[in-house]
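Encoded as structure tokens, the structure appears first; notes follow it.
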Amino acid sequence: MTRKTPRRTLYRRRSEKAGLPPDSLVYVGDRGGGQVAMTLIDYQEDTYTERALESPGQCSPYRQSPSTTWINVEGLSQPRQLEALGTAMGVHSLVLEDILNTEQRPKFEDFDDYLFVVAKFLEFDHKAGTVVPEHLALVLGRNYLVSFQEVPGDPFEPVRSRIRAGAGRVRKMGADFLLYSLLDMAVDQYLVVLDQVGERIEALDHQILTSQRPRIMAEMYALMRDLLFLSKVVGPLREVVNGLRHTSSALISDACAPFFRDLHDHVAHVSDRIETYRDLLSGMLDLHLTTVSNRTNTVMKIIAVFSSVFLPLTFITGLFGMNFESMPLLHSREGFAIVVGCMVAVVALMLAVFRLWRWI
Amino acid sequence: MTRKTPRRTLYRRRSEKAGLPPDSLVYVGDRGGGQVAMTLIDYQEDTYTERALESPGQCSPYRQSPSTTWINVEGLSQPRQLEALGTAMGVHSLVLEDILNTEQRPKFEDFDDYLFVVAKFLEFDHKAGTVVPEHLALVLGRNYLVSFQEVPGDPFEPVRSRIRAGAGRVRKMGADFLLYSLLDMAVDQYLVVLDQVGERIEALDHQILTSQRPRIMAEMYALMRDLLFLSKVVGPLREVVNGLRHTSSALISDACAPFFRDLHDHVAHVSDRIETYRDLLSGMLDLHLTTVSNRTNTVMKIIAVFSSVFLPLTFITGLFGMNFESMPLLHSREGFAIVVGCMVAVVALMLAVFRLWRWI
Amino acid sequence: MTRKTPRRTLYRRRSEKAGLPPDSLVYVGDRGGGQVAMTLIDYQEDTYTERALESPGQCSPYRQSPSTTWINVEGLSQPRQLEALGTAMGVHSLVLEDILNTEQRPKFEDFDDYLFVVAKFLEFDHKAGTVVPEHLALVLGRNYLVSFQEVPGDPFEPVRSRIRAGAGRVRKMGADFLLYSLLDMAVDQYLVVLDQVGERIEALDHQILTSQRPRIMAEMYALMRDLLFLSKVVGPLREVVNGLRHTSSALISDACAPFFRDLHDHVAHVSDRIETYRDLLSGMLDLHLTTVSNRTNTVMKIIAVFSSVFLPLTFITGLFGMNFESMPLLHSREGFAIVVGCMVAVVALMLAVFRLWRWI
Amino acid sequence: MTRKTPRRTLYRRRSEKAGLPPDSLVYVGDRGGGQVAMTLIDYQEDTYTERALESPGQCSPYRQSPSTTWINVEGLSQPRQLEALGTAMGVHSLVLEDILNTEQRPKFEDFDDYLFVVAKFLEFDHKAGTVVPEHLALVLGRNYLVSFQEVPGDPFEPVRSRIRAGAGRVRKMGADFLLYSLLDMAVDQYLVVLDQVGERIEALDHQILTSQRPRIMAEMYALMRDLLFLSKVVGPLREVVNGLRHTSSALISDACAPFFRDLHDHVAHVSDRIETYRDLLSGMLDLHLTTVSNRTNTVMKIIAVFSSVFLPLTFITGLFGMNFESMPLLHSREGFAIVVGCMVAVVALMLAVFRLWRWI
Amino acid sequence: MTRKTPRRTLYRRRSEKAGLPPDSLVYVGDRGGGQVAMTLIDYQEDTYTERALESPGQCSPYRQSPSTTWINVEGLSQPRQLEALGTAMGVHSLVLEDILNTEQRPKFEDFDDYLFVVAKFLEFDHKAGTVVPEHLALVLGRNYLVSFQEVPGDPFEPVRSRIRAGAGRVRKMGADFLLYSLLDMAVDQYLVVLDQVGERIEALDHQILTSQRPRIMAEMYALMRDLLFLSKVVGPLREVVNGLRHTSSALISDACAPFFRDLHDHVAHVSDRIETYRDLLSGMLDLHLTTVSNRTNTVMKIIAVFSSVFLPLTFITGLFGMNFESMPLLHSREGFAIVVGCMVAVVALMLAVFRLWRWI
């Protein structure tokens, strides 16, 4: 059961979509069920409004206003509603398709009027012992940002409360800074996940030289798999942030440039850590395998040495157990003592030779 | 037999062609036998015609018409007929050679008047348990598209019915969108194949820790081979789509650019998945080998420990089986009991030591 | 003997040349002995002349003529004669050095007045079971081409007969097309060699799961070596053809561009195949090693299990072979039967346990 | 304990920072405790002042002066004080964040008014047997340089005394040369660390063929880990120095260019050495594993051969130990001698065969 | 002793230099002891002068003369003298540092007035069985070249005698051609070294399938190490020659361009060979390991099979060696014959089964 989960999350079935028109809206995923909730936050340096949206149409008035508007959509299971929102916001149908396709890898696209960004949230599912991704799509327009989350929940709460409280510089800057804040949030989450991966690696590392649990191998491979998955998410994300950093789009102001540069730096750090963990883990695997194999070899060697000592002894007992009528020593009084003495001598000699050859 | 099939499909013999003039038309392949069937579809936003072509010449009138013309050729075994079609369409003889050469890897070439694209269809042959490619060549001109399929059959039916029904945007756009639709179709097919590969990997993954079937190794290597083959197809395809996306040719309209960008994205996703599967599979192989080797080692270790317990016992029996006239204990009443007691003590001692050393 | 050949062909001794002036003409090689034969073919769309050259000077008149002149030189063992030809043709002394140095890897150089290309012919030597290269140098000038072959023989015969017969487009085009035709010839030869390598891989593949021949490993490594050698030849060749394709030299006409593009494609295909074969072969090697190792392990395990069954039996026989005066059962009538019964029980118990643990 | 240290230094926990505003100032690290000490050195070719700063404000007058000012900050545990200094110097809040984040990998950023460089000091901690990094941040402005060290101590003393003494060219050149001198200092330190790593590799190399210490494997893996860590530090540092070398910033004068080029060269040398050591170490690991495995195999083979000699002997003794009434030889006078003779013959034969097969 | 040498030559201690000013002149190395000898050769197409220099100042008059001047410096142990020469020639202090630093990897730098090149000579030290590098620095100015050799000796003698004799084109061309000639000399030396490495690989290759010498592994790893070292030298050298080939410096005349192109080609060939040898050697290592392991496995298997045959026999002898009063067969006349017959049957049966299972 545990083993199955990570693979599932790696790729979901896409076959169902084959043959449909290229931009047909189908929700690919299994987690974002039930309702779709839309909330709207509109703010300027000195004003702040927050409301739940009932229909996509309600956001139209905010689209042209000079204040910054943030529409957050939770749940992706209602393609119709999202299509209406897309039309209201004027986004391309292919963008809507990508918003719904939770298998879409991170990407950045510039549609002149708006920028489209796909990223991933990550959580460490302690019960399954594996990393779980959540799809995240962002559309940045002039003065507005629309964010799409696959699973209801509130990973963006810290940003929202900073806006509410007017803390930091978020209220002083535009929608581009908001985009940066949300992505930075997601990348921070990666570091939390990596800290947990790091702790598990550390825990395993204490065991590889001593433990004989057979599960330890499977656990290392499971972590390897998680890191493989992480690297597949972070690789494209790096390109995304690089794209945002170097874009010539007017939607990203110059004042934001250092922040995206900084974000790029964070993603590079994440990428470095993943690579390092993979190298560490693969070194640990090798060391563990070697240790296990050495331990087995040592056992076999000791037993073989031990056995080899008994072979000549047993031969001698057999020799004097033969039923020949005329044999030397058998009828002598000291016969038994002499033979036992020989046996002791043989054992002593063998042990001396083994010690000389450094076998024992 | 099963093992042989995938290799065959990897590369067919090319030696026969050696020494022929560079652009001589020879069909390289063994599947596209029999008849060559040509169908023509001509459509605009509001008109639609479909007919079977009997001779290549019949398509000439459509070449200059403002409506979009799609000529689909099934079967490649009649070089003469294809040459006639090529002449009617004005394509270079090298293009015709590549259309017939089913070993040709995916490529994109811009001949100013027309674009030439080679791609591959993929199917998962369940009986042989392997991936089977089908050659696909596309020529995009002003207002027309010619597609060449190696094997008769109808993988393009969904696109055709969308055109017939006027569904989606295909009727509203030109031949470039048709090209995109066919390629998108092919790439969708890759995802279907990958889903099946993924399922087989999942099925194997459940067995690698427990199963002792010797076939399991061969199956993993066969999957590895399929993935190797897939990566050899998808790698050049990625370049093809990248070429189409960044081409400056006037034959690809601006309205189509986002679609080719999207297609590029899909191919990148396919490529990612293949790479991930290869990494997964190679990790599984290692884990399986380690598991098998550990299991064998454990068996050998237990047997060795078991054997080593009997060696001193057998020696003791031999000792008292010797035929010396004067030996201690032999004539005493409790002799046997004492010796058996010693044996029990030896066994207990050895087991204690083994337990102490954590061998058992 | 067989093993030695491939290594020899990989690199010949170069030490002898160390210390000589940079452009001193020394023939490096051991195959192109004896005579040097020069033939001249001069053709236009409607004329054709073929003659043997006795001295290099005889080719001068053809150098300026508007017709296309092809001078083919077989054998490289007469540096003086080649130098004379070089002077007559006006090529740089470094070019002559490279023509004679059969160790020279494929390269393309543009000397404004002429282009210089080094390539390799390949043959599969069935007796030695290995791939044998032949040095090939080509100098393309305005209206003329000079080709240098290391070993006399006629790999270019098909091209020559096409020129003679006026078949194909070779007579209609210039010396650049002739250059293309000869290179295409060579690359076609690679595919023939690869077909043979592929056949040997296929033949080996049938054996790796069943055969126990110890030679099989050495054969796989020999093939690995051949493929390594091939990749070292094809890698630079790919750059050569790429250089020819993208050159801005006026010596390559626009009409020839699609042909060089096509040639590049063929070389890429060859390169792909080599890489694929290497991957296949290395997978086969791993599978074979694993199979052999598993087979050995199985044998050892079965024997160990078999042995362990006899240990307690032998102990019991020893027990009742001891010479104690008072032992249980010995004097009873059913003693023997009881003990044999015990033995049977022990064997049954052990087999049951082994079966339970799935050892047998 | 020893094993734990290197991992700790690889990455510190970052999770605590998740959710905070992007540029919030939090000291990430555990070594730079206690006080923050600031010293200021102001010099020109002929003047020199050195003083301790009590408050960040005191440095303002030096900011505009034509003399070169070097402010060195030791200890990072007082974010407030650093913020004040940052404000006085006019640096971006993200720069301050990076100065405090000791996990920040080496980087170079150009903020027009000033350049920001993050690098790492390295020390070899002999007690823990591992490499310990120290965070180092540098801000280069017009005529001033601010350096931030995580741990109080004086790695820069040699540079300071050169300035004091007016030795070398440091007093004659500007703040850019000072930046170069400090980085060169740090890179020199890397070579010291690498010399120590090199010595340990050399020490291990003498043991891999002879030693049987089980710790030797763990030590090699620990060195491997150190080298992995070093490569993760040096890789980005190479980019940093490359950036400084090719920057178009006016803050780096032309006179300094050869020095940064030289520094780049040093870093490339360091990088080469790390790579070489990794290759060496991995070769040593393989050789050690092979040696250990061969030694075990040899022991097992010798014991197996030894054992196999006794098997027929013991069988023969058993044969003549059977209690049949009528058996050949038993009652003959020479019986025992004949049988012993047979045994000797068997042993001789077996040894001859083993020698023939080159087993012994 | 032998093993220690290669490592030493890989990297010498640099720690001593840490903390010194960046361009302080310290000789890093241990071979170039004793005297520093300077010789000057001045030549034009028709004149030739050769003299030993006693003081660096003597070369000043030649600096401006139109004739080509070559100053060769042997031995690097007198920093003062080299500094004087450097001042007389007007080279940067960093260049002098690099000339003295024998650990400096190959590099090419353009200082407008002069070009600075670092390369390496290589020799194969037959006694130590390892490759020994020698530092080589070259400064090319207008009409003059200064070469610095670490170890006195005369690797350049062939060039010198060609100048003396006026052979080849060296007297007709300038200092740039002289630079080329010296580098070409060094690269030719690499081929000599590679020929020797190749011979040792060939020698080893004959042994890997048959030899059981344990040293063979260590020898292969030592060769691996040499090749690793070579690749670390040749990699940067390739960049150096590429830099010289593509430099826009006026110091390299157009007439020399083909020669540097040719040199680049030679270095590429060297690089190819090194890579090929590494691949070959690693394949040989694998094959050897497999062969050794297979041989051991075969021995163990045969012994195990042999042993298993004796187990039932010994059991039977034990059975009839028991001292029961009433046992079947014991008192019958044919008893012994029957039992021996049974034994023969058991052996025959087991051998048949083993043959059937293809174990023997």
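Order of writing sets the labels: A, B, C, D and E. Residues in every chain begin at 1.
Here is the rule we use: a residue touches a chain if its C-beta (ideal position, glycine included) is under 8 Å from a C-beta of that chain, and two chains touch if they have at least 3 such contacts.
A quick note: this is a predicted structure, and the numbers were derived from the prediction, not measured.
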Cα-centroid distance, chain B relative to chain C, in whole angstrom: 26
Where chain A and chain C are represented by their mean Cα positions, the distance between them in whole Å: 42
Two or more partner chains touched - positions in chain E: 300, 304, 307, 314, 318, 321-323, 327
Pairwise touch network: line, ring, star, complete, or other: ring
Chains in cyclic order, anchored at chain C, direction fixed by chain E: C, E, D, A, B
Complex contact set, residues of chain B against chain C: 3-4, 7, 10-11, 13-15, 17-24, 92, 94, 97-98, 103-105, 107, 109, 111, 212, 214, 217-218, 221, 224-225, 228-229, 232, 236, 289, 292-293, 296, 299-300, 303-304, 306-307, 310, 313-314, 317-318, 320-323, 327, 329-331, 333, 335-336, 339
Complex contacts: residues of chain D adjacent to chain E: 158, 162, 167-170, 180-181, 184-185, 188-189, 191-192, 194-195, 198, 201-202, 205-206, 209, 258-259, 261-262, 265, 268-269, 272-273, 276, 279-280, 283-284, 286-287, 290-291, 294, 297, 300-301, 304-305, 307-308, 311-312, 314-315, 318-319, 321-328, 358-359
